[in-house]
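Next, two complexes with chain A in common: one pairs it with chain B, the other with chain C.
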Partner chain A sequence: MRLVTEAAWVAGSAAVAGLGVALVDFGKTGQVSGAAGVVFLAFGCCLAGLVAAVRRWAPGTSSFLLWPTALLVALGLVEIYRIDPMGAPIQMWWVVAGVVAAIWVLAAFRLGVERLMSVSYWLAAGGLCLIILPFLPRLVDGNSGDAAGLWLTIGWGNVSFIAQPFGLGAVLLTVGLAGIHSRWALDPPPAGAGSRLVSLRNHLVVAAVWVTTLPLLWATGDLTAWAMLVVLSATIAYAAAGDTRVVWTGLGLVGIGSVAGLTSSRVSQTLDVWLDPFSAGEAGAGLKESLLALGSGHLSGSGLGMGDPELIPRATSDWILAALGEELGLAGTVAVIMLYGLVTAAGVGIAIASRDLFCKVTAASLSFLLCLMFLAGAGGLERLLPPTNLGLPLLAYGGVPLVAGWLAIALLVRISHEEKGHL
Partner chain B sequence: MNRSIRRVALLLMVGMVVLVVGATWHQFVAADSYRNHPDNRRRALLQAGKERGMISTVGGRVLAYSEQDPDSFRSYNRRYPAGEAFRSVLGTEDAPGGLEEVYADELRSRRDLTVSDLMAAMFGEDLRPRGLQITLDADLQQRAYEILARRRGAVAAIRPDTGEVLALVSSPRVPVTERAAGVLYPVGSVFKIVSAAAALDTETADVESLFEDRAVWQIPGATLVVTNPGNVPCGDAAQVSLLTSFVFSCNLAFAELALEMGSEIMDAYAAAFGFETAMEFPLETPVPSFGAERSSDPDLLASAGTGGLALSSPLHMASVAAVVANGGLRAPPYLVASWTDADGEVNERPETPEANRVTTPETAASVARMMERVITEGTGQEATVAGHRVAGKTGTGQDADGRNHAWFVGFAPVDSPTIALAVMIEPGGEFGESVTGATAAARVASELLSYWLQRS
Partner chain C sequence: MTDFVFTALPLIFLALIYLFVWYVAKGIASYLGLGDSVRTTRLGSRLVFVRSESQSGMHFTVADSVVLGKSPDADVPIDDPYASEFHLRISRRQGKLSASDLGSDNGTYLNGRRLRTPVDLARGDALQVGRTVLEVR
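Right after this comes the complex of A and B.
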């Protein structure tokens, strides 16, 4: 029975990827190329490998988390193949890398994830460093080169590429913060002298994240991604301690930071684009073209390979949901939203079922992270929030959103295994 | 702890629902405003690669067709197999003015690969684009383009009895604008065809009427001094006939006639010949003017009578010659012969406008005789075609900068005309900055007419 379930979702996701690639080919050229078969096999082998690793190291988990994840990755891969056929093989390799990373997580923590708790400060600090440090030079010289927003240009000599370390940093920070708050929850402050100060520590962690990430706001102008980090740290503290005031602290700090951020030219440019993307010139081109793509997609979309998503700048990374929305229509957009909803629900379910405090908080935090990143990216696209170039985890082009997403999923899988009493 | 996790999860799910509402807004409620947004390039992209109907001549020469792109399924490339000679008439879909742009909607395929297309196709509807047949004579057009190749100018030719446009050429092709129908040039003495026809038709004068022959004439009660070309008298005697004045393009008789006929008659005949009247034509055609509409100012009237103020296009001037060739009946020029279905079967013929009478047949015959004398002994001898009777009138129009535009307007053969044409040569090109009608334009007309007459 279990084999049937596994075979069904592995083959189903691989079929979505293969069939999607075939439809893209047909929509573009009227013919189907061999790429569909290659993608079907490669994607199927990746997932089969993952299932084997899950059986070996985390057999207690259910498929409920894995199949929506696999479908999201498949949809992203198909749309990347549609927009950028040269980038699709690279993305396929990143899928392989993400699955290998997930398998590595399962193998490395086969004795239990609570090992992570002992390094939680390091993880949080490392995550923050990954988020902040690469952008500090931009604050000094003010020059962001070709890359903008959360994108970084990394180069040696004449070889250069752009990358977005934000997502990986956010995963590390999340696990780190979950560890810190779990420790404190396991170890309540003693009554008496200094206890008032100790009771403020949850707020202080949120404030620390706020202070250290403020430079990011100035360097990138990405209000939404920055606010997401502060809100994330507040919800982790709230999940662990159950103290509603932490949430208000977080929201208050987001408000203060936003107002202070108005002094930054990059933030005010982001807000200009947000308020009127159609007259914001080159800076607003991404959001403008994305909205036009969404509207042109209408209910059922143009069909894979038959729209014009290549009109959107950075369509495979920053605006992949708009490209999907154009070719698959409102139906496709809602399907993606529901898949993220399922991933979140599965993660929260794992957290609620967990008995171990650290596992519970970590699972909840990782679920919140995936959902918040999606809410931030998609909310920016729909103009509900200021536009952001935060890569949608699992869906967008690039190694970091994919590998970071798979790391988070693998930790959730491992925790869901432990929750069943296995260790 | 589970309570707080559940609460956060609930809020996140509310966020997801908001995203669904937002997506519904963008992709359903407000979708049309995005689809039709002026910044949305999808519509143009869709049309650019789409199949479009064939444009051909009545004679069967293909001028434009769509060919499937070998690299891109669903995408077509537009081909122009007849070459550069037709480029200014066809234009492109994006550049305003040419047939491709004017009939962009009519030539469009209705196959959009949509569900409603499939339904329509199932009920036997033909969604393929229609074809357009135009009246141009492909060989004449090509020949005219080659003759004009080293010159700056334009040629228009029409069939006098029907108004079918046979050739419409402008050179050089850059800028791409069509100039044989679409630009007004000073026509000079060619307008004397209209003045003479008006005078004969109203019996203000006849061909042999005599006028005092002077080199210079100060119009009584006016500031204008009328002169002949070269400031010399027209003939050797004290008096000169209307015929001689016409044949040698002397101005004084025509200034006198215009003043005598007055504003109303001049207005009426100019309008009957198509001046001051918008032409119904698919390509852009500015309104030609003779320079003294509704004016009794003697300065203007006298000047207009000689043609000194008239502005017109080669196409319109060809239609002026056609009136004379067609016995005083004006058949308005037309370019669209018919619309065909995708298989080339004619299924719609636009109604050709009724010919209207401009002068009596006798007047037209008299003007035709005078125009023939222009070729045999007057200013238009360069337009002679051996073995054929040609009628014509030369002109040299000066623009505001004093640059001369050489004109020849005529028809052939005189007894049963098959072609009326107008040739305009601008300064520049192989004739240099100074051109007069007697040489540049008449020579082009001669080459073109001899090609046409020998062919038919």
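Right after this comes the complex of A and C.
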């Protein structure tokens, strides 16, 4: 892509962020503060740095992946500024951290992402640990006070902050599983091994993910996030081996786990909230307010800064799409859905164009991950699925999920570069 | 006037987002080759060695029928100790490529599944012979 065109994309993305912040100020006070200019400059500098890194280490990439990503991050930043002006600078710093992480990925894997294959078992194990270990104490404590879904409160003395390690764990697990299945698909099966035995190990991986993540279900009651992990592991196995049976196995295991999960009070509470949020009391407040916010948004919304998103609990993280839906309406919500669709389409396109099996499976798996996380989060807040505390990737408030999202995008960019020119 | 500004600005913001989405969608569609005819996109005409000890990047076009194997007498020799002398046949019928295993010892895998019967190939399919992987382009 020509430098002028890229500069126009950078300026356009930063302009959306700056204009959004200006509209928020204008909607709230009738005046525009200097924050709009600061956001425009800071976001523009971040994107310019990323584009420079892409030109340096992945010049052959399809940069179309970057722009829907940048716009999602910009919209998230605007809505966070709208709901929590004090939290917006922190989120801006996390955007900087995410871009730095993406640049690090491009630089570290400039010789190829195949190096990840050699540590695939470690990545998968590390991902699983990040997903389940932080929540295990809740199983011991019972209904402890700060058991807020997938969020963790980490503190030292008087200082504490909340984090959601789930997103980073999911990215590591995805890359690890992609590596494991690719190795198995490329290595010839052991002599004498029947095709059933070869297929069995793919099913065993899905079952292993199912078993090891069950404590997450019991500890958090987040049925949607847990089911997403099992479906993700099955789709990765399918992407590598092309075996449709493994997808059915994954769906069957989700069904069994869901029924077994009814023995947990947290899962039962999640289902109660899902079935009737308006009579679920405090537990259903998020979903109830989310539905009311989406309903009051109508076609074009109330306008940035002119809605009541502060009525939604944790509106910047878990329910940010509802807040956007209220202020930008159905048109804005559809635009966000289209942006996630474009990110997924670009990722799948990179996977289709890839020659190397590991690159192909990794690109497809990361695209599935982003798509599934979006479907889980959006489905939860629209009551299509049981409500989840899984924030929308790249859009919602939270440092770790945002950095994890940028890491996934950087890997896709790198893979796109490696496979460019071989179509 | 103020009412007009309050109404117009959110719509302008939405229009800007949709303009952005439209240009990105056009670019991605172009990248994915969605403008090409479906037939050209879905049907492949050549095979590329995408993973091989010594043949990576080599490719060949199937006009009628070719036999691949370890034997020097095969139409397309494969440099792979796990391949059989005459491992598989790729033929073209009514414009479509199809692959059939010739009773090889270690089998032929199409997208990870072992070939039992002749199977039609599509663009993007991966054929594995021993450690060698070929892709239909």
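Following the convention adopted for this analysis, the second predicted complex is superposed on the first by the 407 of 423 C-alpha atoms of A that agree within 3 Å, B and C clash if a C-alpha of one lies under 4 Å from a C-alpha of the other, contacts with A are read in each partner's own complex, and residues count from 1 in each chain.
To be clear about the criterion, a residue touches a chain if its C-beta (ideal position, glycine included) is under 8 Å from a C-beta of that chain, and two chains touch if they have at least 3 such contacts.
Computed from a predicted model, the values in this text were never measured in an experiment.
Asks: Which partner does A:Trp122 reach: the first (chain B), the second (chain C), both, or neither?
Replies: A:Trp122: touches no partner chain.
Asks: Determine, under the contact definition given at the top, whether A:Phe161 touches first (chain B), second (chain C), both, or neither.
Replies: The answer is neither, since A:Phe161 touches no partner chain.
Asks: Determine, under the contact definition given at the top, whether A:Gly242 touches first (chain B), second (chain C), both, or neither.
Replies: Both partners, chain B and chain C.
Asks: Scan A:Ile352 for contacts with chain B and chain C and give back first, second, both or neither.
Replies: It touches chain B and chain C both.
Asks: I'd like to know which partner A:Trp93 touches here: chain B for first, chain C for second, both or neither.
Replies: Touch partners of A:Trp93: none, neither chain B nor chain C.
Asks: Touching A:Leu384 in the superposition: chain B (first), chain C (second), both, neither?
Replies: In the superposition, A:Leu384 touches chain B alone.
Asks: Go through the superposed model and pick first if A:Gly12 touches only chain B, second if only chain C, both, or neither.
Replies: In the superposed model, A:Gly12 contacts chain C only, not chain B.
Asks: Figure out whether A:Leu186 sits in contact with chain B (first) or chain C (second), or with both, or with neither.
Replies: second
Asks: For chain A, give the residues common to its interface with chain B and its interface with chain C.
Replies: The answer is residues 30, 185, 240-242, 306, 329, 338, 345, 352, 357 of chain A.
Asks: Under the definition above, what is the set of chain A residues touching chain B in their complex?
Replies: 28-31, 185, 235, 238-242, 278, 288, 291-292, 294-299, 306-308, 311, 325, 329-330, 333-334, 337-338, 340-341, 344-345, 348, 351-352, 357, 360-361, 364, 367-368, 371-372, 375, 378-379, 382-384
Asks: Help me check something: in the complex, which residues belonging to chain B touch chain A?
Replies: Against chain A, the touching part of chain B is residues 1-6, 8-9, 12-13, 15-16, 18-20, 22-28, 30-35, 37, 39-42, 45, 72-74, 113.
Asks: Help me check something: in the complex, which residues belonging to chain C touch chain A?
Replies: On the chain C side, the touching residues are 2, 6-7, 9-11, 13-14, 16-18, 20-21, 24-25, 27-28, 31-33, 48, 50-51, 82, 106, 109-114, 124, 126, 128, 130-131, 133, 135, 137.
Asks: Quick one: which bits of chain A touch chain C in the complex? Just the residue numbers, please.
Replies: By the definition above, chain A touches chain C via 12-13, 15-16, 19-20, 23, 26-27, 30, 62, 64, 67-68, 71, 75, 185-189, 195, 240-243, 300-301, 303-304, 306, 327-329, 331-332, 335, 338-339, 342, 345-346, 349, 352, 355-357, 423.
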